[in-house]
Structures are given as structure tokens and as C-alpha cells.
Amino acid sequence: MGTADIQVEVIIPTQTKYLDLIGCIGERLGRELENFTGDREALAYYLNLVLTEATANAIKHAKDCRPEDTVRISINIQADELNIKVYDHGQGFDLETVPMPDFDDPKENGMGIYFIKTLMDSVTYVRQGDCNVLEIKKHLT
Amino acid sequence: MGTADIQVEVIIPTQTKYLDLIGCIGERLGRELENFTGDREALAYYLNLVLTEATANAIKHAKDCRPEDTVRISINIQADELNIKVYDHGQGFDLETVPMPDFDDPKENGMGIYFIKTLMDSVTYVRQGDCNVLEIKKHLT
Amino acid sequence: MKLTLEKNKNFNVVWVQEERIDAHNSAGLKEYILNLLEEGEHNLVVQLEQVRFIDSSGLGALLSGYKNAASRSGKLVLSNIQPQVLAMFELTRLNRVFEIYLDVDEALANQT
Amino acid sequence: MKLTLEKNKNFNVVWVQEERIDAHNSAGLKEYILNLLEEGEHNLVVQLEQVRFIDSSGLGALLSGYKNAASRSGKLVLSNIQPQVLAMFELTRLNRVFEIYLDVDEALANQT
């Protein structure tokens, strides 16, 4: 790839079998960020993870409403910022009320949003038209 | 993946740097067609090639009109048929008038459509709304 | 979820034969471990050498096995974790919960 | 397009250091070969071992080099073609146009 600007949009059915594909697209794009001076392998892994977690949540919660639904994922990479948007048609939720995992009493669930928040620089979740958007940003400098 | 039905849509800018990604998505999906009894590695390579050729054409000819344009690629795989659609916003062309390559006097250009026709079972190119669609099918039995 | 089981005297070894554990196959891992525990195999080593990627649901599946083994007075330990996968255990502090060994031999040698 | 050049007595070897030749990088390959020919290097072996994928524009770039070498009374031959890439030469009958060798040594041994 080489040049800094990347814009890819992928639309998949709400099925977990597509997580592998989505994660790998992210990993691939991360690995090819030739202008990124940090640890590119680590960034590629984080992109895989963050896309997997965000898409898995969108699939899980969209599914409850409309099984025939799709999830749209947009990945935008500029020289200094990476931006991921995951659109779902589920009932939505309040990102602010999701608690941190309790490390002294670990649970099976509730680590996905924590991964996203920890590995990236900002996360928001807002209603936009007829869908919800989880928007994830990371500075690349 | 495993289960037979696959539906993925990818939207990219009209830039050749995305060909690698598109081709590799196709290769990956082909390799994971667990129900396909033929040579899966060969099918995966053909999908890579056919997607690369079709997308390269869409990029090349859309670009002439609108540099800010995007190309949309839809990949659908059912148990017995594979269907690829590539949408472009270019001036279009008449698929029927594209000649076979002259094997006795080979040229640098004009091998892309030949690859698609040879490796797949049917190819059409039609106007659909405000864009053109190259539709490629292959039976998987 | 491709898994193979190696039965030993006191400890069974579950080899995870996947490069990736995510929400698509983690339920399979969780169930498999639960079934083993229910069949009376209370001591397990999960060998993760093949695994290059794990998500939160994969960690959750392993934690479920860990807790279920403990509640049966058994033990579930891990071995051969790849560096990038180990980083996920560290981020969630689950490396302080699980016993983690370099390889299966070391895991078995440390059980009594 | 990553390429390395190995200068020999009469034949130069161009090592293609890419896994993939497609419409994104084939123009780079075409230009590189054309520049070599214009610099007076009329005899080339293109070593394709790294290449796992080639599209029609990649074949076109090599054919362009072949024709340009011939028009200068030179020669462009190929070596170390992977099976899946060779299949593309066969589909377009370009295997009948190019001299194709197993490796660089064989390619060089067959030139006079």
C-alpha cells in the first residue's frame, strides 16, 4: 500500500463467521502502514482485535432484532489518525455505563469494550439516522 | 467459515493499491469453501485473479470520469454457485466486442477479460441504475 | 473448533488446533472443556501453541473452564502461549489467574 | 515494486522481490526493464521465485520487456516461475513466447 490514506468499507451479514475476515483485513492494513514508525506488528494485532470485538458486539446485538441484518465496517487511515466505524441496527447501549472489568474477580464477559478503550485513543457510540455507530480513533504519531 | 453461504461487500476508492486486499479477500474466501470438492487452492487463486482483473478494470475506467469515485465489489457464494459483482461508474463498454487475445501475436493488453471468461462460467456487463455491473458466475459442483 | 485430546495419568492435555479463537468458535471451546469436566476429567492442560489470536470471548471461554475445574476441585492450566496472545492475558490481568507454563512437559511436571 | 539487479558478464539478472504483480506495481516492473534496456543491458533474466501471483498487467509488463529486448537484438528470459504463476503463462500461451528456465544457473548456461 505505502501511501498514507486508506479507506475501506466492508458489509457483512450478522454472523460471527465473518469475524475472521474482518479482523484479518484490519491486521493486513495495519501491517502495510509503511509510514507508521511504531511497532507495526503490534498495531496490526490490535486492529485485528479491536475490529473483531466491535464487530462481534454489533453482530450479537443486531441479531436480536433482525436476523437478516448486516453490519457495516468502515476503516479510514490517514497519516496521523486511524478511524474505525462500526454501524449496527440493534437497540443500542450507553457506552459510558459499561464498567471496567473487575480484575480481582474476573468474569467471562465484559472485556471487549475494555480492550477497545485500552488499545485505542478514543471510543464513542452514538445514534446516527437509523443506526448506531461505534467510532474508534487512534493517533498514529 | 464452513457453512456454504457467504455474502461480503467491499467498497474501495478507485486506486490500484486496493487490488491486493480485494484479491486476497477472494483467495481467503475460496480457500475456506469447505464444501467445495474440487481443487480449493486453484479456485482460491482464480478468485484472487478474477477479482483483481475485474476490479482493476473498474478502477481504470471509473478514474477517467471521477477521481473521487469508489468501486463496490460484492461476493456471494452459495453451495452450488459463486457470484461476483463489480460496480463501476465509468462510461461502460460492450463486453461482446472485446476480442479474444491473438495467441500468435500476443499483445501487452487485453488478457484480463479473457482470464475472467476462461476461468469462470459466465460473465455479463450491464447498465444498472447509475452504474455498470460486471457480473461473474461460476458453478461449484 | 478443532481440538485434540491427549489422555495422561492425572492430567489430560487439550491441544487447540486453531490459529484464531474468537466469538465464532469460543463457545465450542467452552463447551468442550465443560463436557470433559462433566465426564470426570477434572485436571486439564490447554495447549495453545497454534493460537495466534484470541479475543475477549476466547479468554472468557478459558476462564469459564478454569472456574468450572476449580469448582470441581480440579485444575485447568495453560501452556505454550504465543507472545501476542500472552499480551491479552496481561492486559486483562488473567495471567495472574491462570497457571501458565512454557510447554506441556513443564505443566505436567508442576502438578502433583 | 521491489527489484534487485545482479550484474553478470553478458546477462543481468533481475530478482523480483514481490509476492504479487498486479496493476498496482506492474508499471514499475515495465519501466525498470525498459530503463535497463535503454542503458544498454540487452540481455536479462527475470527471476520470479518470490512471485506467487501475477495478473494480466504483470504478464503484459514482462511481454513488453521481451519485445523491447528483441527489438534491440537482446533477449529477456524468465526463471523460477511458481506453478500457479506458470499456469497463467499457459492460459495465455505466453509459455510458448518466453524462454522459461528452472533457475538462474540453467538460464545462464543456455545463453551464448
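Letters A, B, C and D mark the chains as written, and numbering starts fresh at 1 in each.
Definition applied: a contact is a pair of C-beta atoms (placed from the backbone, for glycine too) under 8 Å apart; a residue touches a chain by one contact, two chains touch by 3 or more.
Bear in mind the structure is a predicted one, so any value in this text is a computation, not a measurement.
With contact taken as defined at the outset, subunit A and subunit D are each touched by B.
Set against the Cα centre of subunit A, the chain with the most distant centre is D. Put simply, the C-alpha centre of subunit B and that of subunit D have 26 angstrom between them.
Separation between the centroids of subunit B and subunit C, computed from CA atoms only, is 42 Å. For subunit B, residues that reach two or more other chains under the stated contact definition are 17, 20. In subunit D, no position touches at least two other chains.
Taken pair by pair, the chains that touch are A-B, A-C, B-D. Within the complex, the subunit A residues that touch subunit B are 1-3, 7-13, 17-18, 20-21, 24-25, 28-29. Residues 16-17, 19-20, 23, 42, 45, 48-49, 52-53, 56, 59-60, 101, 103, 106-112, 114-115, 118-119 of subunit B are the ones that touch subunit D when the two sit in their complex. Remark: subunit C residues 20, 22-24, 53, 55-57, 59-61, 63-64, 84, 87-88, 91-94, 96-97 touch subunit A in the complex.
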